[in-house]
Amino acid sequence: MALLVEKTTSGREYKVKDMSQADFGRLEIELAEVEMPGLMSCRTEFGPSQPFKGARITGSLHMTIQTAVLIETLTALGAEVRWCSCNIFSTQDHAAAAIARDSAAVFAWKGETLQEYWWCTERALDWGPGGGPDLIVDDGGDATLLIHEGVKAEELFEKNGTLPDPASTDNAEFQIVLTIIRDGLKTDPKRYHKMKQRLVGVSEETTTGVKRLYQMQANGTLLFPAINVNDSVTKSKFDNLYGCRHSLPDGLMRATDVMIAGKVAVVAGYGDVGKGCAAAMKQAGARVIVTEIDPICALQALMEGLQVLTLEDVVSEADIFVTTTGNKDIIMVDHMRKMKNNAIVCNIGHFDNEIDMLGLENYPGVKRITIKPQTDRWVFPDTNSGIIVLAEGRLMNLGCATGHPSFVMSCSFTNQVIAQLELWKERTTGKYEKKVYVLPKHLDEKVAALHLGKLGARLTKLSKDQADYISVPVEGPYKPAHYRY
Amino acid sequence: MALLVEKTTSGREYKVKDMSQADFGRLEIELAEVEMPGLMSCRTEFGPSQPFKGARITGSLHMTIQTAVLIETLTALGAEVRWCSCNIFSTQDHAAAAIARDSAAVFAWKGETLQEYWWCTERALDWGPGGGPDLIVDDGGDATLLIHEGVKAEELFEKNGTLPDPASTDNAEFQIVLTIIRDGLKTDPKRYHKMKQRLVGVSEETTTGVKRLYQMQANGTLLFPAINVNDSVTKSKFDNLYGCRHSLPDGLMRATDVMIAGKVAVVAGYGDVGKGCAAAMKQAGARVIVTEIDPICALQALMEGLQVLTLEDVVSEADIFVTTTGNKDIIMVDHMRKMKNNAIVCNIGHFDNEIDMLGLENYPGVKRITIKPQTDRWVFPDTNSGIIVLAEGRLMNLGCATGHPSFVMSCSFTNQVIAQLELWKERTTGKYEKKVYVLPKHLDEKVAALHLGKLGARLTKLSKDQADYISVPVEGPYKPAHYRY
Amino acid sequence: MALLVEKTTSGREYKVKDMSQADFGRLEIELAEVEMPGLMSCRTEFGPSQPFKGARITGSLHMTIQTAVLIETLTALGAEVRWCSCNIFSTQDHAAAAIARDSAAVFAWKGETLQEYWWCTERALDWGPGGGPDLIVDDGGDATLLIHEGVKAEELFEKNGTLPDPASTDNAEFQIVLTIIRDGLKTDPKRYHKMKQRLVGVSEETTTGVKRLYQMQANGTLLFPAINVNDSVTKSKFDNLYGCRHSLPDGLMRATDVMIAGKVAVVAGYGDVGKGCAAAMKQAGARVIVTEIDPICALQALMEGLQVLTLEDVVSEADIFVTTTGNKDIIMVDHMRKMKNNAIVCNIGHFDNEIDMLGLENYPGVKRITIKPQTDRWVFPDTNSGIIVLAEGRLMNLGCATGHPSFVMSCSFTNQVIAQLELWKERTTGKYEKKVYVLPKHLDEKVAALHLGKLGARLTKLSKDQADYISVPVEGPYKPAHYRY
Amino acid sequence: MALLVEKTTSGREYKVKDMSQADFGRLEIELAEVEMPGLMSCRTEFGPSQPFKGARITGSLHMTIQTAVLIETLTALGAEVRWCSCNIFSTQDHAAAAIARDSAAVFAWKGETLQEYWWCTERALDWGPGGGPDLIVDDGGDATLLIHEGVKAEELFEKNGTLPDPASTDNAEFQIVLTIIRDGLKTDPKRYHKMKQRLVGVSEETTTGVKRLYQMQANGTLLFPAINVNDSVTKSKFDNLYGCRHSLPDGLMRATDVMIAGKVAVVAGYGDVGKGCAAAMKQAGARVIVTEIDPICALQALMEGLQVLTLEDVVSEADIFVTTTGNKDIIMVDHMRKMKNNAIVCNIGHFDNEIDMLGLENYPGVKRITIKPQTDRWVFPDTNSGIIVLAEGRLMNLGCATGHPSFVMSCSFTNQVIAQLELWKERTTGKYEKKVYVLPKHLDEKVAALHLGKLGARLTKLSKDQADYISVPVEGPYKPAHYRY
């Protein structure tokens, strides 16, 4: 695919796979709207006052149908939006087409190369001469990373003319990032500084990106305020848990049609994502084995009747392996060699380094047989036995299926909208420093409340007397900050 | 699609959607073989002696990847095979292509018209001048029906020249059947008699087909022996139950991406299929309401914590409706009109008359919006509210997903192979009269045993002393005939 | 306890533990009545016509609160009743007291010796000079056994004066039976013949007793008609399954207070009882391993995510062992020696020979420490490690808790009432030969129907058109005889 | 029971129900030790150094078998201990006897009056002339309350001679507290000041007590440091959740023998306790309806397939009601009047004011029928229909069964031991101010780690490289403070 920006008749830039899918995308967006009461309620509540008027928002977040509803909520509130995906396989091309045609500048397609991926990220950040975006919606932190690396490089370049050296790293993807910055430096040595200047803040979607932000905060290198959307209860305890409980079996089924019942499934990591995955596998009739480093999470797994062992203990008897750790080097090529024929190996954590894809690709004599896109059988020469790797080790639920369903994404994305509104509203008040914040509990409770009616729930109301007895306001928030749900 | 039979280079007839998908089909067939230990073990055990040498087998059964492994097991045992699907949406085109290219005459594609469907059935039964097949593998009984109707028509025609009159029935599909027979009568007034003559017997796959067979047995109209494969324990208590537990959420997810958790799901019927569906919905986090006519099944549902109500009680508050009854007129257009906007309506029973599609199509002013193939939104003019109907009311797991997974189909199809072997072996002994039989329990237990190793199970062995104590042979069968599992 | 029959003021015989508990028993009986709609409905429907007028019924069935409601249903329908328990630990003394005081002759207390047990059985069968009972309600078949052995002995005695020789058997319990018969022969050499003469038939409650009946039928030695209540769907698929799902954890908790979550539980046998037990352990958070001889049941366990192994594979790593097989010699003393310290060993099958109690008691140096009644710790001298055995290897749910709850017993016992009514009604018609019968399906469905209202269920009604389509009467029965539910 | 302190032969004070149960208590304590690896490991790790040498510990916490193992862990570490229960029904008399005989001064029996309850609390705090305890283990905060109220009264008395006036409150229990303090003031007007003086701190077990502590901290009235044990993850996410999942059905079964399957259970509150209760009821086959004030918890319930309604919506159709809110006035007498006959009403929250027992007792014409201790049927005169109230509205799991099982209490109590050690070790360092603290995460993880081996788990170890990647030490703690598990 030639990397040329295209333009709609109205002049908006885009680069998508197939504009003819826009109608199909629109139909699915309309279905999703019915399932996303939180976002639709934001449109009703805030739309009339156009709070985002004048705001430029760049998003780097899986370009799916659900994200389309988020984007159109942002534009309904007055924002101008540019978007890219945060994963090479996660774009739904019909969603991208509909948004590109109707609502925002989109640079995303399913099956980007890494080169294309970062080109798209650059485009989403490129608002022309006037600097970058006012706000970023980030997922995994790649847009944030690019700006931080850019600024760092520009500073060094200004200081002593040093250019970033892609050869300085082994990491193939980071080589691309450095190349982009280096090439950019030649045309505009202040590009990322100008971005930083304008930027009001970022709201970050996921555990992995949040981890990066807290590290930068700890190092004192964070360049702008950040809202940690992931740790809203209505995000991490819903999207991460119930979303994955839904999408893991969905991805497995679409990719392999395999019967889950009766199988042995290993879930690496028992955080929110791992809990959702383990629950899904158990409910589908698999026998689930968890691997964990954290004794508390391990004990939780045991209380649910799951076995806790090490990967080495079970590598040759399990049928399905899912990584959910957010850490790297979980399943190495040496593990994969010992697996049963046609064992399924997949990752549902944010990054693809949980599975040693590099080791697999470089294993002498290994043979890759693509069953269908995002489903590969890798055959080892010594045993002639193969394993099935999903989505090349990337997020299998987005690579092999359609990600999390609308309803749970409505919870996550309503938090995003609220976070963006908050950053924008307070852009001149100094309320937010260059730190990482979470949304206040009453907003978290509001997000939940917006989703109850759709499911026919009826809340009980506290009397004043009862509220006093437990020392909370009648309208909430109802729990102390440390409450774990 | 023009209804012309094509031929492979080796001269075998076929009609499929796209022969270029044969390689893809072959790859998935190879994956499926690893998941179908029962069938593969039949090849090992029986292949060398070629028991089906000289046998012509016609199959009318969903032309999926799993069925492909069944077909190639039959051919590996020496049979010659012709095949059609038993549902207009259930064919997997890559499976059909691979089989057509490599192994058997196939007439099937996804999305046949009813006209095409019956043309395919005719082709599968048409073995040329020498009469029809020796054996039939039937699913739902359409091949069997055609022969019975054909013979009946020929008898009447011989008696007094009467031709079948399509106008004699309201049923659009039966009109087609009568037309086919009428037209056939003109060219060969003894065609179905010759088929009947040659036919050794049929093995029937599903509840609905079996019901038809028992009715014919009761009426004394059954023309040849039949083995009821459905009521092997290793079929109905596995395929129907665990298969649907797997494929209902699979179909819902692929068709609609809807979040199941938190929704209200109505499962009409709590037989084996309904039990699997209800379990799947409950496990996915839905609140499940069952409708039943049978107080015993209703009480079973209650014991599992499910609510038992009538459709009228819940029609306007539920989100997902699944019919599993094997009966007709379960969800009528008047029900559909009262449903919530975007309620999902689907059927996983064999026939499409559980949902009143005719009433829906003819509802004045109703508008059909096809989201994607097999996913339609129907909008009522009065409320402007729509419902989503899957697979046009036909088997949604085969229409919207890929049907049941290989492992559980291996149980069902190993029963089919054993049933076919039995019919063929006893073709001249008179062991089987024109009645309906089930396989003996020791064969049922054998089917199960063939599937244990794959799942790492280890059986306990009875001592002679223990076997005597409970009055069973050491090698089984272990249960009396009336045992319910 | 001196074995003397006592009499109420009204002259009815009894022998119970403590008559002062009668009021407590009455209160619990009244609670149970609310939970037993099937039995109460029998009282309403049949009470006015007094169908059992003149009938003497002997019951040998756990003398619990639920059985009390059964007994008073029989008396409400006109019967005269004598009762004993069918297990030395299963009597609830307050239930026995209330019935003895108010309704029927009872001979039962918790913690009988085997000698006392058979004395009670004799008393329940002893209706004085006029012969024995007209009808028997049996559970496990001990009353039936005594009559059959008695008749056999009398025949031999009449033929050649031979007396039964207790020394002819190793089985301690059977020695007692032979002794009783021998001693009885001396006083009345026709006692059991007279019983047989009068006896109209027996209705048998449980799998084990039914197995004995079918063996006698097969041998041609069955002396009177028998109705197999166990294989009513509303009995075996409810009482055995859901009853045990309730009462296994209940018994474990009352006996040991042990946390089930996180433990490894081995369930020996995966029939209806084993399915209920495995479900209960899994739901409580245990990891469940099943042992099975039958490949079909084993495959069912696998489909539910349970591991299937042999006892030897897991004996030293499991925490809880439950036998449910109905077979003997399942857990031997050599297994018990290899278990973890304080592993719990218990049986929920009818007889106590599933666990090798004899081997345990005779193990050299073994030490028994009674924690509380029905909870013993047995310490092996070599390892100084102990295991905890519940209810001395007998039915732990009745020995350590209160057996199955009223609602599910209402299903079972309504079948019993219907069976007794049927036998009595047809006593002179010759409808029932000396064979084993099951109740017709319409009565099975009726039993279920009587239990739906209490749980708020609403059945769907078939239209005539629908009933015809599936070839069943509008009022049922709705399923063919071979249907497995 | 006369309120006289007794003495053991060694001179230790006690007041228990029946000293002859000490041997039985000892046997069960020995069983519990095997199930409490955390506590036993504390004995091994800390026993030799006798860290509590010289420390006086007063406990006010359910005097059960599990608490006995806690007490003997404290004494094994060198402490001197006095103990009372924190609930009138929660004492296990055999546990109290064993501890009183062997290890510590105990003042507790099952079925205390409120008068007796506070007398016991006073005794546990009464260490003679030298002031009170050094440390308090509190559960619900009654010991802490008494001291705070005592100090307040002494200050007022010193200031102006005012004596507490029991008539100043409507609350019957608080009247008793005021009376005790008033009477004490006459003998020693500095008693509670001396206690406060000596007191190093309190560790509080439960949500309700913690709430009180945070209120006092907020008001500035907290008199000594407090460690909030409840909010250790290994406490609230285990004991509250998995403990209640175990003990709710246990209590229901022991109290009522009722079949849970098929029933409608209302769980008021969906916090940790409510989650455990709802899970237990669902797993046992009930249909569960949750009532909630907090939209986040409500949404969690929905995601698990539970219905969320108000009590008013369901009061007349549910069978079982459980309050878990920690709030008051949840089920009022007007609700109870509308319930079905024999609906079960119980509370598993700390205090008994969730259920309007006062309203019930005072309802005109209401009749109380005690089925057995802690199980009462209350009959309303107008409807003649009754409800069954467990444990007089107090903690039903401790009132009707034996509370939480040893394994999960080992987690909670290991936190208690660690908290007590910490307070004692830092008693002179000023590390702890008059505030509420939680234990650091690494100790929380340690508690979990101590419980893995017993369940056969094997933890995965982080490599240095992986630890750096996620920015945690190799040995943990592994999660940020805000992590919710």
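Letters A, B, C and D name the chains as they come in the text, with residue numbers starting at 1 for each one.
We take it that a residue touches a chain if its C-beta (ideal position, glycine included) is under 8 Å from a C-beta of that chain, and two chains touch if they have at least 3 such contacts.
Bear in mind the structure is a predicted one, so any value in this text is a computation, not a measurement.
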{"item": "Of A-D and A-C, pair with higher C-beta contact tally", "value": "A-D"}
{"item": "Most distant chain from chain D, judged by the mean position of its C-alpha atoms", "value": "B"}
{"item": "Whole-Å gap separating chain A and chain D, where each centre is the average of the chain's CA atoms", "value": "42"}
{"item": "Mean-CA-position distance for chain C and chain A (Å)", "value": "58"}
{"item": "Multi-partner residues of chain D (each touching 2 or more other chains)", "value": "242, 261-262, 285, 299, 302-303, 307, 455-456"}
{"item": "Residues of chain D that touch chain C when the two form their complex", "value": "24, 27-28, 31-32, 34-35, 65, 242, 245-246, 249-250, 253-254, 256-264, 283-285, 317, 341-342, 369, 371-372, 377, 388, 401-402, 404-408, 455-456"}
{"item": "Partner chain C, residues of chain B touching it in the complex", "value": "211, 214-215, 231, 233-234, 236-238, 242, 272, 291-300, 302-303, 307-311, 313, 326-329, 411, 438, 444-446, 448-449, 451-452, 455-463, 465-466, 469-471, 476, 478-480, 482, 484-485"}
{"item": "Residues of chain A that touch chain C when the two form their complex", "value": "261-262, 282, 285-288, 299, 302-307"}
